[in-house]
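Two complexes come next, and they have one chain in common, chain A, joined by chain B in the first and chain C in the second.
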Partner chain A sequence: MNKTGYIAARLLQIVPTFILIGLVVFVLTRLLPGDPVSAMLGDRATDEAVNRLRAQMGFDRSIWTQFLLFLERAVTGDFGSSIAYRVPVTRLIAERLPVTLTLTGLATIFALLMAVPLALVAALNANRWPDYVIRVVFQVGLSSPIFYVGLVLLTVLAAWLRIFPVGGFGETMLDHLWHLFLPAITLALSFAAVIMRNLRASLMEVLEAEFVEFARAKGLPRQIVLMRHVLRNALITTVTLVGLHIGALLGGAVITESVFAVPGVGRLMVDSIFARDYPVIQALTLVLAVIVSVVFLVTDLIQMTLDPRVTR
Partner chain B sequence: MSARLTEPVLRVDNLGVRFDTPRGAVNAVSGVSLTVGAGEVLGLVGESGSGKSVTLRALMRLLRRNATASGRVIWRGEDLLAAPERRLREVRGREIAMIFQEPMTALNPVLTIAQQIDESLVAHRNLDERARRARAVELLDLVGIPSASVRLDNYPHEFSGGMRQRAMIAIALAAEPSLLLADEPTTALDVTIQDQILKLLLGLVADLGMAMILVTHDLGVVAETCDRVCVMYAGRVVESGPVSAVFASPRHAYTHALLRSMPSGEAARQPLTPIQGQPPRLDRPIVGCAFAPRCAFVMDACRAATPPLMLVGEGREAACLAADRLAALETVA
Partner chain C sequence: MSAALPEDAAGEISGRKRTRRLRLTRVPAPLLAGVVVVSFFLLCAIAPEAIAPYDPIAFDYTALLSPPSLAHPFGTDQFGRDILSRTIAASTIDLQIAIFATIAPLVIGTLVGLFIGYYGGWADILFGRLVDLVVTFPFLVIVIAIVAVLGPGLFNMYVAVSVIGWVFYARLTRGEVMVLQQYDYVAAAKVLGYSQARILFRHILPNAARPVLVYWMTDMALAILLGSSLGYLGLGAQPPTAEWGVLIADGKNFFSQAWWITVFPGFAIVLCGIGFSLLGDGLADLLDVKR
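The block that comes next holds the complex of A and B.
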C-alpha cells in the first residue's frame, strides 16, 4: 500500500469511530441521573413550563430521531445551544479548545525536550550513576499525582517566588504562553517520565543490535551512529506511546486546568457535567474523540516515515 | 589459494580479552597471536564460545563496554589497541571492514541499501553526491546484485537472504578496505547460497587484492577457501598452519578430534566420532591444557601446565604434548 492510500484508509476509519462515539455519548448522557429541564427550571417549575421546554429542546421525540438529529447537526458543526451558558456550543468550544490544545502541545514539547536527551544519556550510561540519577528523578515525577506536582510548583514558583502567574490565561499571545508554562511543565513531568522509561529501554535494546555494531565497524562518526542508527530505530516504538499519551493528556486536562484555573475545555467539561449541560458534554466528547483520532493518525504517519516497513 | 610469501599486514601479539561480568571475570581470549599477509585468507575455526568472534572484534576494538583487550594488534606497523578513537574510525571501514553472520540483523532495517553505502562513502571518501551514487551502483554490480540501480533504493527486508548478504558485502567494501573480517558470513544461508557467497568473497579477495580473516565453525568452509587456518579452543589458538597440511595431518589432539567429527567427502565412509564432553567454563582459571578433560591422547603433563605453541613443521605450530604421537598416527594411517 502506498502512502496516500494508507492515509485515505486511516481517514475513513475516523467515520465509524465518530458515529460510535456519538452513540455512546448520546446514550450515556441520557442515562445520567437528573433531567436537564428540571435542572434549568428548578424544582418549583410548573408541569406546563417543563413540557414546553422539553418540546422546544426536542426531548419529546423518539430517542432514534433525537440521535439522528444529533448526528446530522454534529456533522455540520451545530451542537445546539448550551443550557447553562445560553450561547451556541460551537462558539463555547471554539473559545476554549485552543487553550487546551496549546497546553497539550506545550506539555508534549517540554516532555520530549526533557525525555529524549536524558533517555540517551541514561541508555549510554546504563547501570552507572548518571542512569541511576535520571531514573530516580523520573520515578518521582511518574509517581507523583498531577494535582500534587501542580500545587507544589504553584506554591513555590508562583506564590513564593512570583516568577509565574498563579492562574488564568492572560491577554496577548506571549502572555498566554507565560500563563500556560507552569501547567505545561506539570503535565510534562509525568509524560516525560513515561517517554524516558520507554525510550531508555528501547535504546538499550537497539544499542545491542548488530546493525549498530556494523555502523561502528564502518567507521561512522559517533553522532551519526547514535542519531541515524540508534535513536531513529528506538523512536519507532516510542512514537506510538507519545501519541497514546497525548490522547490521555487531552482527557487529563480536566485536573490540570482545574488546579491552574486555565479556561480550557477540561474546565468546561467539569462545569458542564455538574450543570447537566447535555449539548456541551456531547459536543466536547465528540470533538475530543476526533482530535484524538487525528493525533493517532499523525502518530502513525510519523511512525511510517521512521519505519518504511510499515507500508511497503 | 596459495599462501603468499609477503610481509604480514596484520600481526596480533599475545591478544587477551577479558569481560567483567557481575559474576566475575571471563577470559574469553588469552594469548592469541596470529599474522595475516597481504591478500591472504586466514581461517579462524572453533566451536561457539572458543573466542573466535571476540578475537575478530578485538582487532577493530569493537568490544562491549565491559571488555578489556590486552596485547598488541599491529596493523601496518601501528598498534590499534593503543590508537586513539579518532584514528580507529579512520581504520574502520576504510582499511579494515567487517561483515556479519546474519545480514537481516546487521543491516539497518529503516535505511535503504543506498543510504547505508552512502554513509560509508561520506565518512571515508571525498566524493560528491553523484559520484557516490555511481560508486554505490558499481558496488552492487561488483557483488552480483542484478539491476543494481533499482535495487539500491530497496530496504533490507525487500531482499532475499543471499542478496542481503551480498548487499552487506557491498556496504562493507564501499571504501575499499585492504582487510575484510568475515564473521561466519555463510552460516545463516542455505547450502547452495553459501557456496555462491564463498565464491563471491574469494573472487573479491583476488580481484581487489584484499586479505580476509574468515571466522567459521565449519571446517568444510575452511578447506574450500582459506590459505592458512588457526584452530581456537577455550580462547586460545591451539594449532595453526597451512590448511592442506593441518587438515591432512593435525598436530593437536583437538584438531584431530574436530576433523574426525566431520564427514569428509573423499574418504571412504567412516563412522563419525563426536567429541565427548563440553568446552571448559572461562570464568574460572584453567590449569593445564583446556582440552585435557575431553582428550583421547591426554597424559599427566597435560594437566600440569598449559602447553605452549611449538613449531611442528614448515610454518606450523601446535600447543599439544601429543603432537609427535599424532604425527606418527597419521603417517601410519
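The block that comes next holds the complex of A and C.
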C-alpha cells in the first residue's frame, strides 16, 4: 500500500470508531437504574416535566432513532445541561478541558525529561549498579498510587517547605503553569517509569544492532553514534508508547486533579458522580474516548513518518 | 518466541528439556522476594487480629494524633486508633480487591481467548474491533463511568473492572493460542483424532496459561492501585471499611500535622504492589515467559 492510501485508510477508520464510542456511551446511559429522565429530574419532578423532557430527549421514539438522535447531538456538541451547574455541558467541558490537556502535556514533557537521560544511563551501564539503582527507583514509582505520591509531594513541598502552592489554579497564565507544576510532576512519575523501562529495553536492542557497530567501526565519535544512531532509533518505540499511554495519562489526571484541586475535567468527572450529574459524565466519557482515538491516529501517522517500514 | 513445548512433544528438543529441568532447581531471586512479601500480606489479610497489636476500631482518647512511638509504631489518628493495626486490618480488603477484581476477567478472558484463538473466523474479527474500541476508553474513566451508573461500592467496582478487564486476558490468550497452533504437537494431536476439547484444554491451554499467569500477577498489583485510588476518591470501599485508600483519604486533612496517618498505609500499597510485580517477574523467569 502506498503512503497516501495508508493515510486515507487510517483516517477513514476513525469514523466507525467514533460511532462505536457513541454506542458504548449511549448504552451506558441506558443502564442507569430506572428511567434516565426521572434519574435526571429527581423524585420530586412533576409528571408534566418528566413527559416534556422525555419528548425533548426523544425517549418516546424507537431505540434506534434515539441512538441516531444521540449521535447527531454529539456531533453538533449538544450534550444538554448539567444538572449541578445548570449550564450547557459543552460549555462546562470547554472551560475545563484546556486545563486537563495542559496538565497531561506538561506531565508528558516532564516524564520524557526524566526517563530519556536515565534510560540512557541505565542501558549504557546495563546490569551494573547505576542500572540497578535506576530500575529499583522506577519500580517503586510504578507501584506507588498517584494519589499517594501527590499527597506526599503536596505535604512536603507545598505545606511544609512552602515552595509550591497547596492547590487551586491561580489567576494569570504564568500562575496557572506554576500551580500545575506539582500535579504534572506527580502524573509524570509513574509515566516516566513506564517510558524508562521500555526505552532501556529498546536502547539495549539497538546498541547490539549491526548498523551501530558499523557506525563505530567507521570511526564516528561516541556522542554522534549515541545521539544520531542509537537514541533516534530507540525513540521510535517511545513515540508509540507515549501515544498509547494517553488513556492512562487522562485516567491519572482524574486522580491528580482531585488531589490538587485542579479545575480540570477529571475533577469535574469525580464531582459529577457525587452530584449524579449524568449528562456531564456521559459527555466526558465520550469526549475523553474521542481524544484518545484521535491521539492514536496522530501517533500512527507520526510513527509512519519516523519509520517508513510501517506502510510497507 | 521461546514457548517451551509440553513433555509429549519431546523428541528433537530433549536438550532444551534438560535445561528446563535444571532451571526448576534454581528459584529466581525476584520470585523468592515476591513470595515472601505477598505471603506476609496474605497472612495479615487472613488473620489481622492475630498480628495487629490493637483493635483497629478502638478509640483511645489518651493517645490522639500521637506520632510514631514504641507503643504505636505507626502513630495514631484523630480518634486515637492505632495506624499499624488499621493498616494490617485493611490488608484484608485490599487483597480481596486483588483477587475479586481480577478473577472473573482471568477466567472469562482466558476461555474466550482460547476459543477465539482456536476457531478464529467472524468471532475473531468482531473481537479485534472490540479490542480497538475498549482501548480508546481510558481504563479509569470507563470504570468510573460504570461505577457512576451502578453506584459507588466495592462490589460495583468489581463489576466495572470485570466488564472491561476480561478483554485484556482474552487478547493475551488469543495471541498465545495462535502461536501454539502452529506447533507440530497440536497438528499431531489433531491427526491422532483427539477431541477438540482435549486438544484445547490438555494441549493448548497449559502452555497458553503461562503468560496469562504472569500477567495475572501484574494485574493484581494494578487492581490494588486502582482499588485504593477509587477508595481514596470515595468510589470504592466505603468508610468505615478499612481499606488502604480509604485510610489515606481519612488522614489527608491532618496531613501537615499528622503525616503518619497517610504515609504508612501508603507504604503498604507500594510494598504490596512491588511484591506482586516481583512475583510476576520471578514467574516469568521461572516459566520462561518473554514479556
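Everything below uses one rule, namely that the second predicted complex is superposed on the first by the 273 of 312 C-alpha atoms of A that agree within 3 Å, B and C clash if a C-alpha of one lies under 4 Å from a C-alpha of the other, contacts with A are read in each partner's own complex, and residues count from 1 in each chain.
In the analysis below, a residue touches a chain if its C-beta (ideal position, glycine included) is under 8 Å from a C-beta of that chain, and two chains touch if they have at least 3 such contacts.
As the structure is a computational prediction, the values presented were derived from the model and not from experiment.
**Student:** For the combined arrangement obtained by superposing on chain A, do chain B and chain C clash, or do they fit?
**Tutor:** Here chain B and chain C can both sit on chain A without a clash.
**Student:** Regarding the shared-chain residue A:Glu213, is it in contact with chain B (first), chain C (second), both, or neither?
**Tutor:** A:Glu213 contacts chain B only, not chain C.
**Student:** Angle at the Cα centre of chain A spanned by the Cα centres of chain C and chain B: state it in steps of 10 degrees.
**Tutor:** 80
**Student:** Once the shared chain is lined up, is A:Val87 touching chain B (first), chain C (second), both, or neither of them?
**Tutor:** In the superposed model, A:Val87 contacts neither chain B nor chain C.
**Student:** Mind working out whether A:Pro221 is in touch with chain B, chain C, both or neither, as first, second, both or neither?
**Tutor:** Only chain B is touched by A:Pro221; chain C is not.
**Student:** For A:Ala55, decide between first (touching chain B), second (touching chain C), both and neither.
**Tutor:** Once the two structures are laid over each other on A, A:Ala55 reaches no partner at all.
**Student:** Based on the superposed arrangement, let me know which partner A:His229 touches: chain B (first), chain C (second), both, or neither?
**Tutor:** First partner only, chain B.
**Student:** Is A:Val75 in contact with chain B, with chain C, with both, or with neither (first, second, both, neither)?
**Tutor:** Touch partners of A:Val75: none, neither chain B nor chain C.
**Student:** So which one touches more of the residues on chain A, chain B or chain C?
**Tutor:** Of the two chains, more chain A residues are contacted by C.
**Student:** Considering only touches as defined above, state whether A:Pro308 meets chain B (first), chain C (second), both or neither.
**Tutor:** After superposing on A, A:Pro308 lies in contact with chain B but is clear of chain C.
**Student:** In whole Å, how close do chain B and chain C get at the C-alpha level once superposed?
**Tutor:** Across the overlay, chain B reaches chain C at a minimum of 16 Å between C-alpha atoms.
**Student:** Would you tell me the residues on chain A in contact with chain B in one complex that are also in contact with chain C in the other?
**Tutor:** Shared contact residues on chain A: none.
**Student:** Can you list the chain A residues touching chain C in their complex?
**Tutor:** 17, 20-21, 24, 28-29, 31-33, 139-140, 142-148, 151-152, 154-155, 159-160, 244, 246-248, 250-252, 254-255, 258, 269-270, 272-274, 278, 281-282, 284-285, 288-290, 292-293, 296
**Student:** Which part of chain A faces chain B closely enough to touch in the complex?
**Tutor:** That would be residues 209-211, 213-221, 224, 228-229, 232-233, 236, 306-309, 312 of chain A.
**Student:** For the complex, which residues does chain B have touching chain A?
**Tutor:** These residues of chain B touch chain A: 57, 60, 62, 88-94, 97-98, 100, 102, 105-112, 119-120, 123-124, 155, 157-158, 168, 171-172, 174-175.
**Student:** Okay, in this complex, where on chain C does chain A touch?
**Tutor:** 129, 132-133, 135-142, 144-149, 152, 221, 225, 228-229, 232-235, 245, 248, 252, 255-256, 259, 262-263, 266, 269-271, 273-274, 277
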